[in-house]
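Next come two complexes, and both contain chain A; in the first it sits with chain B, in the second with chain C.
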Partner chain A sequence: MLEQDLSRALELAPEELCTELGSYDCVDDIHLVALGGHDPFGRGQYAPVAKPMVTTPLAVERVVLAACSERVARDHDERAVFTALELDGPAPAATSDAFIETVDALYQRLLSRDPIDAEYEVLAELLVDDQGEPVLAERFAAEACVAVATTTEFIFI
Partner chain B sequence: MRFSSPPIRSAQGLAASACLFGLVLAFPSLAEARPNAPQAFCQQYPSSPDCLGRVITCDTCHDSTDPVLWNGYGLAVNAELAGRDFDTYLSEALAAVESEDADGDGESNLDEILVGTNPGRAESLWQPLPEPTGLENPWYALGEYDPVLAYRRMSALYCGQSPDYAALESLRALDSDEQRERVHEDLALCLDSAYWRGRGLRELADPRVRPLESVGMDTEVELYGVQLALADYYWDYRLWRYVLSDDRDLRELLTAQYHVIEGGDGALERVEGVQPNPLLGGGQPLEPEHRAGMITTQWFLVINTMLSPVPRTTAAHALRSYLDMDISRHEGIFPVEGEPTDIDGKGVQAPACAQCHSTLDPLAYVFANYHGIEYPSDNGKYDEERLVGVIDGWEPGQVTSVLFGEPVSSVPEWAAVASESVYFRRAMTNMFVEHALGREATPAEMSELAALVDSLPADGYSANRLIHRIVDTDAFGAP
Partner chain C sequence: MSKTTSCSRRRMLAGLGGLVGAAALGAALPPRRAAAEETDTTVDPADRRLLFVVCASGGASLIDSFLPVSVDEVPDGVDASTLNVYPSELIAQPGASTIRCVRPIPDTSFLTPGYAIETFLEAHYESMTVLTHEVTSVNHNVAQKRAMTGAGINGGRTIAEAVSARYGLGMPLANCNMGYDGYLEPGTDRYLPSHARAEVILNPRTYALSTHGSRGITSPLDEASFERVRAARGRLDQVSPFGITYRDSPLRQDYVRARDEVGPQLESMDAITKLMLLDADGPEAAQLGLSPMLDTLRATFPQLDSDIWQQQSALSFLLSFFGLSCANTVALEFNPSFEGDDLVGAPLAFDYSHVLHRPSQSVMWGRTLQVVDGLVKLLQSFDYLGDPALGKMWDRSLIYVATDFGRDKNRPFGSEMFGTGHHLNNGSLLLSPMLQGNRVFGGVDPSTLLTYGFDRQTGAPEPGTLMREGDVYSLVAQAMGVDFPGRRDMSAVLAG
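Up next is the complex of A and B:
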């Protein structure tokens, strides 16, 4: 389901979300078990593991990071998700329409709801680096995407 | 912790019966009391969910049954019995220790029994969830049934993906009654979707079918150019998906005498009679009168019976898959007097073995008339003479199969008894509930679980209707 929800939210085909070594599907192959799947036919694993594994958070972040990065890369040429951002430029101000529209898009696409004020404030922290300097818009886009797509709400509900 | 609500699951039957089993296993002189004790407990606690189908094990009183090791609760009950007649004084002994705390975990034996934790093991403890605290959640109604959350979870489980923003906004605009109505309208669509009918239902079957690509119809193993496929597990999956869709009676998982094929449009169609093997295996060789749903498919018999004269693994897997009783964990022990007879000389009469084989062997005898692997093309065929010449002195009818204390003369009879039992209803309900929740039901959810089990007959044993009821539970819809 993680695959399906990311695929729809980021407008990427499932096989475009994440691959290891550019060839092996992260979700259906390499990290299948860690992500809660099972493979009865080939591996003789007849049921998913009962609880998340030690590697599950790593696998989730791996897939989400790859998917968000792929979406940002594609939005440079063909905008689908980050339509309000100039990805080659600096990140927008926290009070700008571009920021609000971007956060709205991520919450609506990934969590199927609008963000609350506290959530805008949290994501606004991603607009600047550790020194308080504005980051590139593409970096903000990727990090905001990862932040929302690794919330408990997205992963478990 | 006190539980003021009525007992939502009574482990009293479990505790008592388990101890009873342990006692009789430990002391052969008590063995004859064993079959009567569970009934005695259920007479004392007729509303106990355990008496309505919970699987009984020895763990409540025992750390081990061979060698015999008692936990604190078992010791307390045993001490209270003080060598008196087991049948007569067991209820009294159990009642006498109800207020004690045998494992010292702060909960009385009775409280633990009523919520289903083990009164003899301190690490077996349950605490109800705390009341939600913190900031108000503007999107989900914490601590109460929320149709929006239920809709989201329902879509993910049965449609294969979460609802999008527009769908949830549309739902949020409705009042509560309309929201619930929408949940069920769209659930019906999901249960009819390609995702649920295909992948969703198939995944539920995996641990029961236990496919093995290397010997199934997808195998690449060949001998002299002939593909070595022992059987085709896709028959099993098709039957499973067929029975569990379109409001069919899920008892047919055990009683179907038909098979199911997939048409060109992907629709499942029922077919009757023997289906010839395309290769060495891969068909369905049984005449309808010898068929019993999922537990007599060629694949089921091949992968479980294999070359065994007495197909104990086959019976054990049927029990585990469709009655939720894993006999290797001492679940579903219903000893049969005089068993095991050890007809194949495997040494199962040894005390440590007989604990389970006194139940398992009588479960397995009727499966002995079915071949497992039998080259060149008799895999899974019915043969009443199968054991003649294989087991010295074997004669058909020499032994009697017994399921839940009831003699059965064939696998279809075995399946009929199983499918009408509360254990089957419980197993099927648990399967769908655990799939829906991603975990077992907690003690606080046991009353809802019991109601679901009870609803199956009135709902015509429909899996779809059961799922609709599951989605209506607080366990499912309360964040």
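Up next is the complex of A and C:
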């Protein structure tokens, strides 16, 4: 389901979400069990593990990082998710419509709800680097995407 | 492979509320285990022990490996031609070994023989302990699971879970299971500490990738940027309505602990490099290193790059050597295995005995023992954690060759090529310096080929008695320093 939800939210086909080592499908070939699948034919595993494994959070991060990075790369040419951002330019201000629209879009696409004020505030911290200078908009887009898509809310809902 | 899962994210959520309640109830109940050994402190590396469960899937028969009976030993009045006995020239007893074995048989049909049982016995008889038992199921799945749980003698806890509960706190991947079918199933002890739950590994060659959140993934975010994201994600979890509502859910807490504590531990230990067995090309691979032990492993396991069985064994060694785990389970799979055009692993593993009993037993025992041989040699060669002060890994290791059950003891009149069904009666092979080596405990009735038991305190054979799955489990537990209510005293089998 994580694969399907990410695919739908980021408008990427499942096979476009993530590959390991350039050729292995992240979900089917590498992280299947960690992400809640199972392997009845190969290993006689007839049911998924009852609880997330130790490496589940890391597997989630890898898949989400790859998927968000791919989405940002594609939005340079054909915008689908980060429509309010000029990805080649600096990240917008925290008070800008571009920031609000981007965060709203991520929450609606990934969590099917509007963000609350505290969540805007947290994500606004990603607009600037450690010196307080605006980061590139594409970096903000990727960071915000990964942050929201690896929350426990996205994992468990 | 299946992604249709009963462990969906939404089902996990549905369990959250219930788990909160269960946690509250659990707090009011007395703990099941006094469990002095299950404290919340880590075990000093010097005191750790290492378990390797090598699963000979499908029914590895001891009377076709280390408890053979020769034609000459069958009593008068019993028809040897209908018993699965071997010509005396096919039975070997090398040097000072008190254990015997079946030599390579002359005809293995279309199965390709490799490593010989006899070669293993010659090399390892001093470390080998053979004990008889009779199991309680001839259903593969049920029998396999009972081989792991001792038929439930320890509250449903598998022996790997029990060892991990005892020694695994602080190890990020204490209990790694690369098993098959029933060997892969978790135990049923609801009080099992979370650090002892199995990490299921399907693909040992690429498992290393699961131990790092970002390295090797093509992204505009560098590692510093990724850490910023993680920090922001943690704050989002703290302020979100979901995070607040389910803050105390044990399931969510478990996930967050793995994410915020174990994940960084794996990354700081550089597990992604230490465990990497896939020598890949391409820009992504360029970001990744290869296990520093790869050359050694390739020398030990010649088919490491193509044979998942050898990959499992290699990974189990790496996980133990680097202090990532204390219990590893590997298993023959039921799919056939090839080396080029040679069929080196029978379809259904040992269970191909239904069709070709002796060829399957001979070839699959060889295939099993080849990796045990490699594992023992590695454990005997390397200091634990690479620290000479901790001694050789072997000094703290136990290898339990688990199997489902035995095979039928009869054969069609005079036949060398026949099929067998499942049989409850069998035995087990274990190797450890913590056990009495070069010993057989129990025996075989040459008139029936049924094994019989032994006295648990003296080790004396006792015809007419039977050992059970719980005896094998108790022995492994006792040797590994794992106590539990109802553990049988197997002192006779322990090293002095």
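Worth pointing out:
Assume the second predicted complex is superposed on the first by the 157 of 157 C-alpha atoms of A that agree within 3 Å, B and C clash if a C-alpha of one lies under 4 Å from a C-alpha of the other, contacts with A are read in each partner's own complex, and residues count from 1 in each chain.
The rule is simple: a residue touches a chain if its C-beta (ideal position, glycine included) is under 8 Å from a C-beta of that chain, and two chains touch if they have at least 3 such contacts.
Keep in mind the model is a prediction, meaning the values are calculated, not measured.
When the two structures are aligned on the shared chain, A:A47 is found in touch with chain B and with chain C. In the superposed pair of complexes, A:L123 makes contact with chain C only, with no contact to chain B.
Which of chain B and chain C touches more residues of chain A: that partner is C. Of the two partner chains, chain B is the only one touched by A:S112; chain C is not. After overlaying the two complexes on the shared chain, residue contacts for A:L87 are found with neither chain B nor chain C. In the superposition on chain A, contact of A:M1 is made with both chain B and chain C. Legend: residue contacts after superposition of the two complexes on their common chain; A:L10 is shown touching neither chain B nor chain C. When both complexes are overlaid on chain A, the residue A:I157 reaches chain B and chain C alike. In the superposed model, A:A34 makes contact with chain C only, not with chain B. Across the superposed pair, chain B and chain C both touch chain A at residues 1, 5, 38, 40-42, 44, 46-47, 116, 157. The part of chain C that touches chain A in the complex is made up of residues 1-3, 5-10, 12-13, 16, 141, 172-173, 179-182, 184, 186, 197-203, 206, 209-214, 216-221, 225-226, 228-230, 232-233, 235-237, 239-243, 246, 251-252, 254-256, 258-259, 262-263, 266, 278, 280, 282-285, 288, 333-335. On the side of chain A, the complex with chain C involves touching residues 1-3, 5, 18, 20-24, 27-34, 36-59, 61-62, 65-66, 68-69, 72-73, 116, 118-119, 122-123, 125-126, 138-139, 142-143, 146-148, 150-153, 155-157. For chain A in complex with chain B, the residues that touch the partner chain are 1, 4-5, 8, 38, 40-42, 44, 46-47, 108-109, 112-113, 116, 157. Across the complex, chain A is touched by residues 138-139, 149, 152-153, 156, 160-165, 167-168, 203, 206-207, 209-213, 216, 218, 479 of chain B.
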